[in-house]
Amino acid sequence: MTALLSLDAFAVHYRTRSGPLRAVDGATMAVPPGSITGLVGESGCGKSTLARAVMGSLPDVAKVAGGRMMFEGQDITHLPERARRHLRWRRMAFVPQTAMNALDPVQRLLGHFFEVLQGRGGLSRPVARARAAELFGLVGLNPDRLADYPHQFSGGMRQRASIALALALDPALVIADEPVTALDVIVQRQVLDVLLALQARLNLSVVLVTHDMAVVAYTCDRVAVMYAGQIVESGSVRAVLEAPLHPYSMGLTHAFPDLQGSEAALVPIEGAPPSLLNPPPGCRFAPRCPFAQERCRTVPPPLVAQNGHAVACWRADEAVALRGLAAEPATWAAMALV
Amino acid sequence: MRRLLLDRLGHLAFVLWAVASLSFLLFRLAPGDPTLNFLSPTFTEETRAVLLRSFGLDRPLWEQYGLYLLNLLRGDLGMSFLQGRPVLSLLAEALPNTIVLTVVSLGAAYAFGIVAGAFLAFRRGGAVEAVAIPAALATRSAPEFWLGMLLLTGLAFQTGWFPTGGALSPGMPAGTLGSRLVSADFWWHLALPALTLALYLQGLPLLLMRATMLEVLSDEFITMARMKGLSRWSIVMRHAARNALLPVATAFALGLGASIGGNVVVETVFGWPGIGRVLVEAVQSADYPLAQGAFVMIAAALVLMNTVADLAYAMLDPRVSVGARR
Amino acid sequence: MPCWTRGCPSVRGASAVFRLLRNEPFAAVGGLIYAVVALVALLAPLIAPYNPREILRTGRRVARYMPVSAEYWLGTTSSGRDVLSQVIYGTRAALLVGLTAAVAVVAIGTVLGLLSGYLGGWVDKAVTRGADVVLGLPFLPSMLVVAALTRPGTAVIIGSVALLLWPNTARVIRAQVLSLRERAWVDAARMTGCSSTRIMFVHILPQVLPLAALYGSVAIGWAILAEASASFLGFGDPETVSWGVMLQEAYANQALSRGAWNWFTPPGVAIVLMVMAGFLISRGSEKLLFPKLAEQ
Amino acid sequence: MRPVLLTTLLTTLLSTLAAPAGWAQPAGDPVRALTLLTLPQALSPQEYAAAELVAQSWKELGLTVTVRPLPSQQFNQVVWYERNRWDATTWTMVGRPERSDPDELTYNLFVSANAANGYDFVNYVNPEYDRLAQAQREELDQARRQTLMRQAQELINHDQPYGFMVHPKSLVAFNRTVWDEKTTVQQAGLGIRNFWTWIGLTPKGAQKDIIVNSTTVPTNISPLNIPGAQGSWATELIWDRFMRIGPDGLPQPWAAESVTRPTATTVELTLRDGMKWHDGSPVTIEDAVFSLQAPGIGDKSPMYKPFVANIQQVEATGLRTLRITLKRPDAAFLVSSLSKLNLAPKKVWQPILDDLATKPQTAESIMEPKPLGSGPYRVVSIVLNEQIVLEANPDHWSKPKAGRWIMRIMPNIEAALGALRTGELNFLTDYTGDPVLLRQLGKSNPAIDVSDSLDIGFKFVGYNQRRPPFDDVKFRQALSAAMDRETLAADAWGDAAVPANSWVSPALTFWAVPDILNKLPGKDLEGARRLLKEAGYVLVNGKLHYPAGVKETTPVYQ
């Protein structure tokens, strides 16, 4: 099964006064068709930049600095803007982080749909209107409210509307960037349920960018864990969540409550991700890793895949033992003293 | 919306009353009296007494005030001391000229400012900006009469391309506003004063447009529009400009009100027969009813446009109007 | 009083100003213009070749319309006064009118904005109403009427600018105060027993001053332009040596027809530069105050 | 030169000696800082410049003098109603055709009866002058009246209640490619800007409109109102008068075919035949009688009332004749009344006056929608701040050669000059700007003809004799002598003025005292110093002090 989207040592750098900031620095991952892939990591680790790079709408100061991006068998790494524009929304769509500002405040919802369906999809006005109503229905919104302005919607409704908007032109891939982060837990579930249902029904591929392991656990088939601009572990959700190979993944699984709100103690990962202007020479997680050794600090570990489960850690062989230690809060707390 | 409207109208009435009263106080408590205009070797104390009585200035102040408010409500601004005609009819002659001058120059200034401001927002940080912004600021910083005289000297006195003043060529029938508006002669006379004002006024819309445009362009929905594969043109026109225009439109309404009184200087330089000049002439010659009438009318225009600006904002920005409906 | 002074972010002010000067060429140019003007004003008697009011003579006749020469660097006026000396002394009037008016606008606007924003209630209502009424008074016409009916001159111009322009400042300050008073450190100050007056003037005031100063720097420009306009219409104070009065004299005496560009141009350029300096500074600091723009 | 130098040396020496010792010549209090009121530069750059030069001269005498310009309204307020408050002020008397007879000014300016509230605002009081002024008014013999008038001028020369500055020249210009310059008419004391030019001016080509300018807005154009100098140019054209001041400065019959004075107190008029109002209806003898009576009805025409105050009775004596009976003999009646009163239609103004009888307003405040007269031009339109358009009245016995007469209101004098250049104006009538520029234009542009003529009006500094030391004749003489009139005329008025020392313009050769300038007491700055010294004033450290024993009790003008 060839991947719908695949990244190979993909890098995006920001131009700053103090030199290039390596927001994404050698990310390798693959998104199979018809699946939901979670892209998980702390804030500032480059997941949003990666998501935007896929959409081909990086800010002016950012540029692709290396690697390769394939989409539907086509190398789109350096695709000219015209061709890129052709793909957008028709083949790949985007559900933004905070739907409040993502919708033009002075345009009615219907206007947003018209813009896409008429302007990009070439539908006639009546057809577009019908399609908009249908899409609203799909995400569980009353089509009557198409005439409303964005601010008249609640957060959850806005997010549903954004999903509907993303599906407007039947894309193969939907990138959802923290789609539920700003919502409360109950609404989060509702919105995720909508997403899940639609994914199944339309056989979509979804990349779900989130910092919340619980969301990944609830929705995703596959997951890629990102740290300091790199993918450190990827694989099926079951494999990565139940048997994480990378200490960072281990830490993450303990750092979040699940959506059911289990009572297990939460263990924070001490410290902050390294500066991407000047990343550490070896494993980037080494400074925060309770299991780091000399080699970890000097030589970057390669991403090695086994049975579809890839990890970049020198001590991946010892994962079973380390998992045990990682479950102890004391292991992580000790790092706070260093 | 209706409640907002009612609220604004009530507010409007209050401000109008306050401004009218202030202007009454201002004019009546000032030293000097209008009989001073009539000084001639044949002027006597009796002459003065007769004149004072004829102007109604021999009555107690509160009585004059009451009468003034009552007349104002009836739209009666009294008789000009010096022109022998009702103030209202004199103002009715002058006001259209001022409105045309204001609307044309403000329109030109905003049309230019919006386009140039939007352009500068795109070309942020470039060499164009380093030249254009100081240039826009400089024209806004120049005293209008100075600018006007430079233009007059260059484009009228020396070259004769434009007339030296007035609104119509000598002997052209004054006509109605409508007939003026279709007369080429009128527009030819309008050109220089309007250009002077426009040069003075363009700075604000330009900078405002640029600033709001920059702000809007950084909004998430602009990024989203790009992701939707919309063309740059459509992004600018449908999203950025529409949002950025909100404050600019409000500023336009405010500017309209402020300019009606602010044209005084330009009207004097170009001999434009507008309401600003009526005010200055009347003030200088102590023609109280005329000066007061002109002042109240200018103030009313200002207050009215302030209210219009409020309402315009509410109407243009769905967030405000819907909020008010609830 | 311990209160919360350290917790307030106002300490950032000084370094921000420094950064501004380095990173903001516009604001730096504006500041430079102000500095030069202030210096010239201070040293006027030393730099000016003549007394600006002195009627210079050549023999018995008045030295009218002398062209640019080594003796008169910018020539003389129709009444035989040295143009350069007048331009130099004009800096004093510009600073007097500009700064006094700006300080007055900022003071009135800030105090009323503070009171109305912090105290709310009837104070707020009264101030907002008052502001609305004042905003309903047309600026130039009101100033002209007051000048014509009282005594024309600098005081009336300064007074008019102060009395007519405060509402803009007050409105902005009020909005700012409304948001500041909800901040945690204000609550904290209130709980540690600070009085309302102290909270307003010791804690909130420093927070809103940069914003007020922004309006002040624009008011400097307004005051100078207002002085020029009033002088032009004959309501200025011809005894003071100011650029506005100079322009008015040049206009009234038809300097342009005389070809006396050396007389008509310098005061106009001086006004443009001075007013522009205010705009430049306020444009520069806009980034300080609206960091959202600065991120671009 | 020598003796002058010597005196200077002596005076300075004396004063420096006197100063530290204090006993050489005993001195009174220092004279307070004096204030010279004037109009703002914006309104009158020449007058303002003159005030500064006068102040500079006075400073040479050891006085402290401040020039204080006031906006016109406040200026009038202070001078007129706060007569105890100010020290000295500049002032202007404008020239009008009716002032070709000096009676009006002679009487009103200096007669003591006018000191309290009237035009003698400087408070000049001299019974001998009062006698002369009254005598000339009642003297019908021109030669004897001339003597009286000259005596009055000599007296004023001695007393110097005013420091006369200059008689301005009125500077006008016209486009000689449009107008035949031979058809302009010079009028004594007015120049070519006069009624006779407006009806005689003949176009050379297709442009038949006389386009003149005014820098100020004329007030209400009405037969019962005096609308300022500029407005009067229009009123003269719209309404006929019984008599007109001719180019020679003497009254000549106009609407009246003949005017006779059978006795000292009666005047008989015969109205011209076939006169019509602009609406085509005939001008009747009732209209004529009404026009002589109307200003005296009630208090409705305060401006014109003084001109009919001496009329006892008016009666129609035939279809075209009427007789006026005066209360007292009045030498100037033909000039100041018959040449001034407008012939107004009774059918229009009787109802207006009747209506006003119960109202506070005066007739001056009424303007007809379209003013109706019988004059050589009729009204087309009047727009405030824009223009007054008149057109030739084809039915008039003295039909103008021009087509229309248009007055443009142009506050910007520079623009007026530009408009003359571009042809937007073809007759520059109101030029308050720099005379040099207009003369230059006349030289460089062959189409522009510039002409100047001596005005009947004059500019002066009034000394407020209520306030010491202005009550002292010697002090006033000294101030007047110190003014350098040549420099004033040259530098303040740009040579468009001649030095003055009387209210009677040298243009009125019959009335003026020849060589009155040379009779000025003291003559110059040196003379001024001498006069002060004679009167006991002392210089201490360069500051002028009162004579010994005199205290300064008058407050400084605030």
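General observations
We just call them A, B, C and D in the order they show up, numbering each chain from 1.
Here, contacts are C-beta pairs under 8 Å (C-beta built on N, C-alpha and C of every residue); 3 or more make two chains touch, one makes a residue touch a chain.
Because the structure is predicted, anything quoted here is derived from the model rather than measured.
The chains touching chain B as well as chain C are D.
Annotation: B-D is the more contact-rich of the chain pairs C-D and B-D, by number of C-beta pairs in contact.
Distance from the chain C centre to the chain D centre is 45 Å, each centre being the mean of its Cα atoms. Centre-to-centre separation of chain A and chain C, using mean CA positions: 53 Å. Chain A and chain D have Cα centroids lying 92 Å from one another. For the pair chain B and chain D, the distance between mean C-alpha positions equals 39 Å. In chain B, the positions touching at least two other chains are 31-32, 149, 157, 268, 284. Counting partner chains per residue, chain D shows two or more touched chains at residues 43, 71, 73-74, 414, 417-418. Taken residue by residue, chain C touches two or more other chains at 148, 232-234, 251, 256-257, whereas all remaining positions touch fewer. Taken pair by pair, the chains that touch are A-B, B-C, B-D, C-D. Residue ranges on chain C touching chain B, taken from their complex, read 26, 129, 132-133, 135-142, 144-146, 148-150, 221, 225, 228-229, 232-234, 244, 247, 251, 256-257, 264, 268, 271-276, 279-280, 283, 286, 290, 292-293, 295-296.
On the chain B side of its complex with chain C, the touching residues are 11, 14-16, 18-19, 22-23, 26-27, 30-32, 124, 133-134, 137-138, 140-146, 149, 153, 157, 203, 207, 211, 214-215, 218, 258, 260-262, 264-265, 268, 276, 279-280, 283-284, 291, 294-295, 298-299, 302-303, 306.
Residue ranges on chain D touching chain B, taken from their complex, read 43, 71-74, 76-77, 80-81, 93, 104-105, 108-109, 116-119, 209, 211, 216-217, 219-222, 225-226, 299, 302-303, 305-307, 360-362, 364-367, 381, 383-387, 389, 404, 406, 408-412, 414-419, 421-422, 424-425.
The part of chain D that touches chain C in the complex is made up of residues 40-43, 45, 48-49, 52-53, 56, 66-71, 73-74, 413-414, 417-418, 433-434, 436-437, 484, 487, 490-491.
The touching residues of chain C, counted against chain D in their complex, run 55, 60-62, 64, 78-80, 147-148, 151-152, 231-236, 238-239, 248-249, 251-254, 256-258.
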